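For reference, the structures are reproduced in the following blocks.
There are two complexes below, and they share chain A, which is joined by chain B in the first and by chain C in the second.
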Partner chain A sequence: MTGATRALERPMPRIAPWRRRGLRRAITFYVLISPWLIGFVLLAAIPLVMAFVMSLSNYDGLNLEYVRLVGLENYVRAFSDPDAQHALGRTLLLMAVVVPLSLTLQLALALMVNQSIRFTSLFRTIFYLPYVIPVVAAAWVWKIFVDPTGGLLNALLGVAGAEVNVRWLVEYPMVVLASLTIWGAAGGGMVVFLAGLQGIPAEYREAAMIDGANRLQVTRHITLPLLSPVIFFNLVTGIIATLQILVQPMLLAPGILGLSPGTVPPSDNYLYAVHAYLEIFVKQLFGYGSALLWLLFAVVLALTLVLFKTSRRWVFYGIEP
Partner chain B sequence: MTTWTTRRQLLKGAGVLAAAAAAAPILSACQQTPTTPKAGSGKVIVMTDPNEFNDNDRKTLEDATKLKIEIVPSDLTRLYAMYAAGNPPDVFRVQAAGVPQYISRKMVKNLQPYFANSKLLKPDDLAPANNYYKWDGKAVGKGDLYGMVKDWSPDYTLFAYTKAFDDAAVKLPSDSTPLTYDELRALANKVNRKTGGKRVYWGFVHSNNDQWIDRTAMNMLAEKGQTLYAADFSKLNISGNPEALKVIRFLYDLAADGVQQTPTDPSPNWMGADFNNGQVAILQYGYWFSAMAESDVTKGKTVFLPAPTWSGVRRDPTMTATGWVVSAQTKDPDAAWAVFEQYMGGKPALDRAQSGWGVPGLKSLYKEMPQQSAFQKQVQKVLQGELSNADFVLQFNPYLSEQAFSTSWIKNLEPALKGSITFDKFVQNVETEVNAAIVDGKRIVGN
Partner chain C sequence: MTVALARRRSAATEATLRYVPVLVAATVFALPLAWVVVTSLKKQSEFGSSLLPATPQLANYELALSLLDFMKFATNSLVLSSSYALIVVMVSALVGYGFARHRAPGRGRLFMLVLATLMVPSLVLFVPQFVIFAKLGLTNTYWPWILWALGGSPFAIFLFRQFFATFPRELDDAAEVDGAGPLRIFFQIYLPNSGPALAASAIFMFLWVWGDYLYPILLLSEDNTTLAVRMSTAYVDPRGNPLQTVTMAGVVLYVLPLIAFFAAANRFIVRGIVTTGLKG
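Here is the complex of A and B:
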């Protein structure tokens, strides 16, 4: 009997059923996420790495002949750039205003359309609509809406009698920007909250009400705790989205150039991403602009980590399978 | 044992990935890579404004050159992205303010040898605005040619809406004697009108809503033989130059007067459309605007006026000199030139001249400008006087991008007009920011 024959006769090692199932599950998992993963690597991870390298250079975006590495110079510069500090302050202020108001509005809308009333589907569609309107169109609509001369807002405010001539984009630019942002995000957040609400078993609420809890108590002690993972998700994504806002303030700025190097938003709406954009495309400081964006990434990451740390105290995963 | 992904882990993962992608959208915008043909492929990529280059132009050029032409819409951000990717367009549209910078960064091709051998584009026939495409490393207007204007206009001329003057019972200025800027300011304040807090007429709108404010200031200063920048472009000098300070103060006061669109009194539209809507009494735009100045509202009520003077010296050059250049990195320079040459000297050039959308880039085509209607005749009368004062260039800074000055101006004008900062602080901020940008620009090119 040859060695080869002996090998053939050797019984195949038995693979535990759970291991075979685990392998299948892993393969299925990676196959299913591969389109997203490939997209993430090509469109996010690689540009991020390239941007990091760029942030260590004096690259002007025009000619590689003059490129040289400058170490951490761009990062050091960011800490002494008054415009960057102003822009970061305005961005954090916008975040502090927009995120709580957004979450409140989204949750309120979700609670409303979660009721068994007539035309619920119609209301859901209406509330969701702003979310699917392209931001450029939405910003123009708002710009016309708040225009002091022919805008609807002043006309509505003037219905009472006295003529209203508030120059919203001049006197209250951040109010307009925050309103546009909250309005635009309301539908998306509402849908997520709605899904969360519909995932809460009705028995919990019914049991509480049988025990004598009123609607407020049910909301406070049953609905909100069980909804806390969804609140947490919307909070994290809301913060990230607000910190990245670029297009809206540019579109709301005076003039018709929109997202273009010639546009300068008013001081109140001079946000961090706007500053980075202008440094890159007006001053052609691609290296410095990339450093600014990496610092933004660090801020986003830090805030996210803080939120995760605190989430253990207030996010309740009580109906985990 | 089966391990389930908990909701906490899923949310955690989603949050971290979302955070990781936070900066990606802006950064990845720099990575767009349009296709560029291989050498000898017979295709030329032209980045230009589709409003200025229609399908007929493309077909005419393709027939004349036997080359395929791909049009990429003009977009500065995209141009940078294409350069960053190493695939710039073969030919692209520029304005005068960007030319010294593009040349000093070796981005555009020296076309002097091509011009020397061209049968269509003869040096003696080139309009004065083409001097903006010359740069010898020290001054605009000297050295070899790197491009050419598609058309141009003496840009400091004025369009007056006569109804605004009638409504204010103010006499219309003469179309043969130029106003001084002081007279213009006084006039603007007289015809400027608001009713019930709502805008009726802006008195005097200029500088493309401050996008070209440095160009206006430079031309005013040039009347006295001065410039905004040091001779070697190493510094913006306003506070140290009394005349520059006077000019900047004048332009600032115009904004503070409330006769023009500003960050504190913006228009939702562009200034040309506001004129067409009958909301601007005096508009500073070049001859090209005459092709659209008469709308249903302004028809029969528009008059073309000569450029104002700062100190009595007539100077009315173009401030835009919009034209084309050929990329230094083009893989087929001969093909790029063929398209360039036909566009500048072939049938498309003749069509442009006859359309009235600008003074032709070739003097031999001047006679083709339209003069049928009464308004066109009046425009031509004024234009002929202006052309003799147009042979000048503005000294654009090679270390600054086109918007560096105006961005700083607009950014600081808002707090200044709101009273948050003084005029002196306004000037100081603009100087500091622009000078910092000059230092960056100099460092990039190794100076």
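Here is the complex of A and C:
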């Protein structure tokens, strides 16, 4: 009330209060976001510049006396590093396997638990659980599950009459890694799909049903197009996450249960981020490792950009409830 | 009558179609976890020789608690995860409120910057941060996590911005007329009405630290590290052979609080994601 009367008492120039109010609002905005802004400068912008300078240097993490800029040497080296190429190949292969399977599974799970069935919350919890389980524990879970002698997988295969002494972590390490990744990520993607499904008005589906569409047609022509923004979101985040997988292959290295900082996973699971990590934190090649990481960033950016370009063709943002 | 029969049969197929896939999927998802529990109840000598424990026993759980100072490292994890979660959620909510409700030149571009940082691989940022923390003597302390928290999380900022954008503006206007400043509006109107979003993001932020393995192994020492790291080397016999059955008991103890937490908050999480409108 006092604010209103005070405003009336003042002479009223037309533009100035607007501007002053705008300025005050702007200051308020910058004060409110200042924690992030300061954090961004100190913990993202400066480190990014440092990381870039590092990638142009021979920094070893310890001695600043011997540091010198080596130009693009590290980048040139990355392109002729057979380990880096092998690692990139394995990473792209893992991505090509995991991302489509993950998305399909997540969508299927969301459709299943979105039906009117009993125990939906129990089913949701079961599918969501692996997503909640920390990566160390998840890696142990799978190590024991596929253990040659003590694991359930070989025991079940034995019942089915197959070979029973498969040493999964040695012979098929990437199968285990892919399973662990898909199993662990399913719940998170499912919940996002579920949120998307629940955002689709039931009338659309009902109308199509009344027009004689069967369930498959409804899914194909109503649900999927309306879900496409969510599919796109899960696709992009799935790709970015898969390209950066680091700890899992090291924890899945056969033999040990724990992880020493220098654990090298078997060749099949020698992923790109693992290579960069080992170069930096084990071999102390901070310069070269930073260059490797910038190249990873470039791949992530390029893939995301391509996806955004193609998204215009298949992602429908048209209908907003 | 044939019609009724056909209808009944189609109802039966209908039910099969609904339940069989979901039951199969649930079994496949639960098997590895069930196996953890089964293994944790075996004697170590039974691991690899018999499928089920002859007499289920809890000795592994006692060992899991006593082979390392479980409570001490669990407390480390709890303190680190909850202080991180508490600070980062409050900061992110405040920043999200700023982005959602206060106009200023450059706001759009700054928000794009928030989203852009989500795409930077975390190691790219971590390596120079690691160098900085080491130079400042902050390794072996919890300060890195506090500093990360004070800067907010881009993901949580995004969530809160989306969430607060759905609040009716009339609320702000009314409060402003009553003389409330932006901070008071935030604390008295926005925060009390953000239960699901606060809970969902706090749980995720807590989980990120509780489950993280890489940063504690690189930043902390044997003594003040988190439970996950300490556990990963503790469950061996005196000769250094892994004790799988004890490890599985440890996994259960490590994960059970999270599961209880999530089972209780299940509804909250879905609602949090729905209301924060991840669809964008």
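Following the convention adopted for this analysis, the second predicted complex is superposed on the first by the 264 of 321 C-alpha atoms of A that agree within 3 Å, B and C clash if a C-alpha of one lies under 4 Å from a C-alpha of the other, contacts with A are read in each partner's own complex, and residues count from 1 in each chain.
As a convention for this text, contacts are C-beta pairs under 8 Å (C-beta built on N, C-alpha and C of every residue); 3 or more make two chains touch, one makes a residue touch a chain.
Quick caveat, the model's predicted, so the values are computed rather than measured.
Legend: residue contacts after superposition of the two complexes on their common chain; A:A96 is shown touching neither chain B nor chain C. With both structures placed on the common chain, the touch criterion links A:W183 to chain C but leaves chain B unconnected.
Once the two complexes are overlaid on the shared chain, A:L37 sits against chain C while remaining clear of chain B.
Touch counts on chain A: comparing chain C and chain B, the chain ahead is C. Once the two complexes are overlaid on the shared chain, A:F286 sits against chain B and chain C alike. In the superposition on chain A, contact is made by A:P266 with chain B only, not with chain C.
Contacts of A:T125 after superposition on the shared chain: chain C is touched, whereas chain B is not. In the superposition on chain A, A:A207 makes contact with neither chain B nor chain C. Legend: residue contacts after superposition of the two complexes on their common chain; A:M112 is shown touching chain C, with no touch to chain B.
Once chain A of one complex is fitted onto chain A of the other, the partner contacts of A:P47 extend to both chain B and chain C. On chain A, the surface patch touched by chain B in one complex and by chain C in the other comprises residues 22, 40, 43-44, 47-48, 50-51, 61, 144, 147, 149, 229, 233, 240, 243-244, 246, 256-257, 260-261, 273, 276-277, 280-281, 286, 290, 293-294, 296-297, 300-301, 304. Note for the complex: chain A touches chain C at residues 1-4, 22, 25-33, 35-40, 42-44, 46-48, 50-51, 54, 61, 108-109, 112-113, 115, 117, 121, 123-130, 132-137, 140-142, 144-145, 147, 149-152, 155, 183, 186, 191-192, 194-196, 198-199, 229-230, 233, 240, 243-244, 246-247, 251, 256-261, 273, 276-277, 280-281, 286, 289-290, 293-294, 296-297, 300-301, 304.
Across the complex, chain A is touched by residues 1-2, 4, 6-8, 11-12, 14-28, 30-31, 76-77, 80-81, 83-84, 86, 105-107, 196-199, 209, 211, 261-270, 401-404, 406-407, 410-411, 414-415, 420, 437, 440-441, 443-446 of chain B. Taken in their complex, chain C has these residues touching chain A: 18-19, 21-22, 25-26, 29-33, 35-36, 38-39, 47-49, 51, 91-92, 94-95, 97-99, 102-105, 107, 110, 113-114, 117, 119-125, 127-129, 131-132, 147-148, 150-152, 157, 177, 179, 182, 186, 207, 210-214, 217-218, 228-229, 231-233, 235-236, 242, 244, 247-248, 251, 254-255, 258-259, 262-263, 266-267, 269-270, 273-274, 278-280. Chain contact summary for the complex, chain A toward chain B: residues 18, 21-22, 40, 43-45, 47-48, 50-51, 58, 60-66, 143-144, 147-149, 163, 165, 167, 169-170, 229, 232-233, 236-237, 240, 243-244, 246, 254-257, 260-262, 264, 266-267, 270, 273, 276-278, 280-286, 290, 293-294, 296-297, 300-301, 304, 307-308, 315, 317, 320-321.
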